[in-house]
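Order as written gives the chain letters A, B, C and D; numbering starts at 1 within each chain.
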Amino acid sequence: MINNELCTVVSHKEIAPSVFELILEGELTSSMNEPGQFVHVRVAGGIDPLLRRPLSIADIIKEKNQFTLIYRVQGRGTSILAGKRPGDKIDILGPLGHGFPVSEVKPGDTALLVGGGIGVPPLYELSKQLREQGVKVIHVLGFQTKEAVFYEDAFRQLGETFIATDDGSYGEKGFVTDVIKNREIAFDCLYSCGPIPMLKALKNAYGKDKKVYLSLEERMACGIGACFACVCRMSEDPDDSSYKRICSDGPVFAAEEVLL
Amino acid sequence: MNRLSVELPGLSLKNPVMPASGCFGFGREFSQLYDLSELGAIMIKATTVEPRFGNATPRVAETPGGMLNAIGLQNPGLEKVIEEELPWLEQFDVPIIANVAGSYEEDYVEVAREISKVKNVHALELNISCPNVKTGGIAFGTIPEVAKSLTKKVKEVSSVPVYVKLSPNVRDIVEMAKAVEEGGADGLTMINTLLGMRIDLQTGKPVLANKTGGLSGPAIKPVALRMIYEVSQNVDLPIIGMGGIQSAEDVIEFFYAGASAVAVGTANFVDPFVCPKIIKELPELMDRLGIDHISDCTGRSWNKHARIAHYRP
Amino acid sequence: MNRLSVELPGLSLKNPVMPASGCFGFGREFSQLYDLSELGAIMIKATTVEPRFGNATPRVAETPGGMLNAIGLQNPGLEKVIEEELPWLEQFDVPIIANVAGSYEEDYVEVAREISKVKNVHALELNISCPNVKTGGIAFGTIPEVAKSLTKKVKEVSSVPVYVKLSPNVRDIVEMAKAVEEGGADGLTMINTLLGMRIDLQTGKPVLANKTGGLSGPAIKPVALRMIYEVSQNVDLPIIGMGGIQSAEDVIEFFYAGASAVAVGTANFVDPFVCPKIIKELPELMDRLGIDHISDCTGRSWNKHARIAHYRP
Amino acid sequence: MINNELCTVVSHKEIAPSVFELILEGELTSSMNEPGQFVHVRVAGGIDPLLRRPLSIADIIKEKNQFTLIYRVQGRGTSILAGKRPGDKIDILGPLGHGFPVSEVKPGDTALLVGGGIGVPPLYELSKQLREQGVKVIHVLGFQTKEAVFYEDAFRQLGETFIATDDGSYGEKGFVTDVIKNREIAFDCLYSCGPIPMLKALKNAYGKDKKVYLSLEERMACGIGACFACVCRMSEDPDDSSYKRICSDGPVFAAEEVLL
């Protein structure tokens, strides 16, 4: 059920330079189930900015009717969002899209969760749900620098966690794919969210042999599947017109399903 | 008395508010949010003969008070629209206006002939103004003779009234309107998007993969109002007005300019409940402004006496 | 090295930022706020042969992300501008671009001949695109042949380079640009305002006494960018870009689109210090974007290699 | 000196339905001298709304660096303004324009101050300054209804005050001009601010025999005299091109100077 609700800011803090953790309270939390779904946020009431901003749900706290968003200040929309104070109301549309399929792994299986930068947040709720199901979770999280790292402890509480930084200022230097290879990490199913080059590398390395689920991003308008702004091409495309809408068919897809 | 009812060629509308083509798909997504029967009508996404994938992404970019799109007429093609989308829409008590597009005259004619036969299609909207396709599209909408000829051909085969959708990317909008009136159009819809672009500062390249796109949203409202104001005084066709409408106040402003009904596009992305909200708010606003029946205020900005709406029985 | 200097026909600018015509009067008011010598240039208010009162009030109306104006070329007339305004401006170290307007070809020619003789007038801006006057104005700017002929006549008498100011209210802006290029223009300035209107809900009448007006401000930025992008690729004249510029980021976006300098209009009303602020912020932004010299990025959105700015010595 | 400053909201309250009294603090107060000048207010930082809003200075409290604006919520701009809370910053440009000439009256003279509705505010500072100069002030203030009346006590403390309401729900029923006539109020100089029909009536009744100063309104863009948006015609206009800019030559004019 997609809802539209004025949610209340419960807490809002900077957890890394320009990265904010925003906890919101609202009835629509009760409709949030799949990890990897997102909400469409209207950061201001008027026309400045005009469009909503898609942000992934990072954590669902059902018993309190609260959920968490983690975002990086990028442009005008997220800058305005960063100014919201506890008690303020924010217009939220959601939950939207289809998330990571948690039923693809059985209790006792191992799931590898690979996140890059601001793609890390939805993996937190995913990890929580997998753990609840009795799945073993391993996290490989890539960040630019030591300062950019967030939620490391939170992930560690759920399972083994490796950090990679581009500049080697923390954890291992290099790409998340290097970490997986070097550490010879074994897994039954891979879930990932992050920049396209990272997703491509993962698809190429593991897409053929393993179950791989990727969360994609694209510029959106409606966020609900009506405007065709956010399509991606499918791997099988007989008449050159096959597509999926990232907002409503995704944002999570099986790696073999879509062209990156 | 229903103060919101509007009678237009082919269309008996319970209210004058409908989603604009391309901003509502074929209604499936919004049907999860509210009952589509609340709407005055639905303008469905452009339909072409063959399925189209459309342009590469990114397809949208934000602009001050507006947005650009270059979707490129993505649609499942005539056959699927007739066999799947339109029958699905029959469950709602709402007339459909089918948006007809193509690259060549023959395409338009074929889509128009076939789609106009479908039961719940009450009118066609001839999209001669899409700025986002390489061939056809906007060329038909910016050269009067071409527009007139196409209108005529489509009129010949259509089983329902034909509204022609005008492009704002012209020097003289009245000239275009007169041309399609001569071509036999039953009504006009206006405006389609203005051609625009944005450039990404980091990459130095256009934000849209298609480079340029169509500007819509509140930013274009004054241009839409001006064009409707000019056309409504010079042409004898009813106008379905659009361009930046977000509120009941905007609807009245479009009526005052000369519209007989309105469509809401971009605002559906900002607030997916905007159409039913506007419909609900209209009567109260009309009370405040002393408007008895919505059709009474068409053209009030240029006509001292409320004009009698076209086709009002 | 001055990273902001720009060389254009007739204009050696210490930086590429200047106030747009009509948004800065003749500089007197803004001179109380900051030193006008900080500006790259000043485009003064349109000058006509005789003094003009202009249109009735209200002359401005707000729109989403923009504003409408219908000033109607109010100005003190050629004689006073030459005898009072321009000499007063001599105290500042800043080249003046004189905006030339009229109702007939002869008017333009007379103003151009006389005003181009004044010492601190380094270039003319031929205003063939004002939407707010009944005769002349926009007609000259929307018909290629008329624009070309006028440009030619003005070039014959002008003692300084002539920039022609293009109207966006056309179907094909490249066609217009080519016409004035053939007419001998030394440069282009674009865009002037889009025709628009607002209606007052209480009265039911247009907000502007003139009914329609020219739309400016951020709302039109994507249209301006698109037109500059198209024209700069098809015409060999330098472009002074304008339309909704508010920030240093906007300036770079206009350069990327194809501008060689920029003018700031409406934003002066929102923040009267906007021009010096932008000039101050440009170098830092250029550092972040890796731009050495401002002229290097003209046309970057369509040209892989930074284009060499016209007339860069 | 025109300044541009982020002023701080000191207090903000509704003093009549939809009418707010806003006290701001800022250095530019020190440049405020003439009663009847105005400030140009940017109610939001972005483009919504785009333009500034002109509001008259109602009270200057030099010793505290504070000044008062009194405004009625009209459209989008004033609605947003009404949401500002103490401590918030507001972008103010001013003081702008030329106010009421207080030196036109001598100590011992009588000044009649006539205000209509939301034209009343600037008369308060004017009255204060006239009183300080030893001028006797009489106020005739018109409002729509009893509820709309504001600042009555404040004016009473400075001089005799008559209230007229359109519907007679308070004070005397009718126009301010009726009050002046019926009460046979004698004065040396008349100052007024309010709706055009009221100003016209005053000009017609007293413009020939008395000194009459009127504060005019027009839609503005720049507010500083550069855009020619706010012109009015002059009474003497030999070549049909004489004008005054309300923002910079006014907003206060001698009644005989301008056409209404």
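The definition used in the following text is that a contact is a pair of C-beta atoms (placed from the backbone, for glycine too) under 8 Å apart; a residue touches a chain by one contact, two chains touch by 3 or more.
Remember, it's a predicted structure, so these values are computed and weren't measured experimentally.
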Report task. Please flag the chain sitting at the greatest distance from subunit B, going by CA centroids. Result -> D
Query raised in the report: Which pair, C-D or B-D, has more C-beta contacts?
Result: C-D
Query raised in the report: Taking each chain's centre as the mean position of its Cα atoms, how many Å separate subunit A from subunit D?
Result: 55
Report summary line: Taking each chain's mean CA coordinate, subunit C and subunit D are separated, in whole Å, by 36
Requested in this report: Could you give the separation in Å between the centres of subunit A and subunit C, each centre being the mean of its C-alpha atoms?
Outcome: 46
Query - In subunit B, residues with contacts to at least two other chains - result: 64-66, 217-218
Query - Touching two or more other chains - residues of subunit D - result: 47-48
Query raised in the report: Which of line, ring, star, complete and other names the graph you get from chains that touch?
Result: complete
Report task. Show which residues of subunit B lie in contact with subunit D when the two form their complex. Result -> 64-65
Query raised in the report: What residues of subunit C sit close enough to touch subunit D in their complex?
Result: 22-25, 28-30, 32-33, 45, 50-54, 57-62, 64-67, 69, 71, 74, 76-77, 207, 217-218, 246, 266, 268-273
Requested in this report: Under the touch definition given earlier, write down the residues of subunit C that touch subunit B in their complex.
Outcome: 63-66, 68, 142, 169-171, 194-199, 201-202, 204-206, 211-212, 215, 217-223, 225-226, 229, 244, 249, 252-253, 256-257, 289, 297, 300-301
Report summary line: Interface with subunit B, subunit D side, in the complex: residues 47-48
Report summary line: Contacts from subunit D onto subunit A in the complex sit at residues 44, 46-48, 76
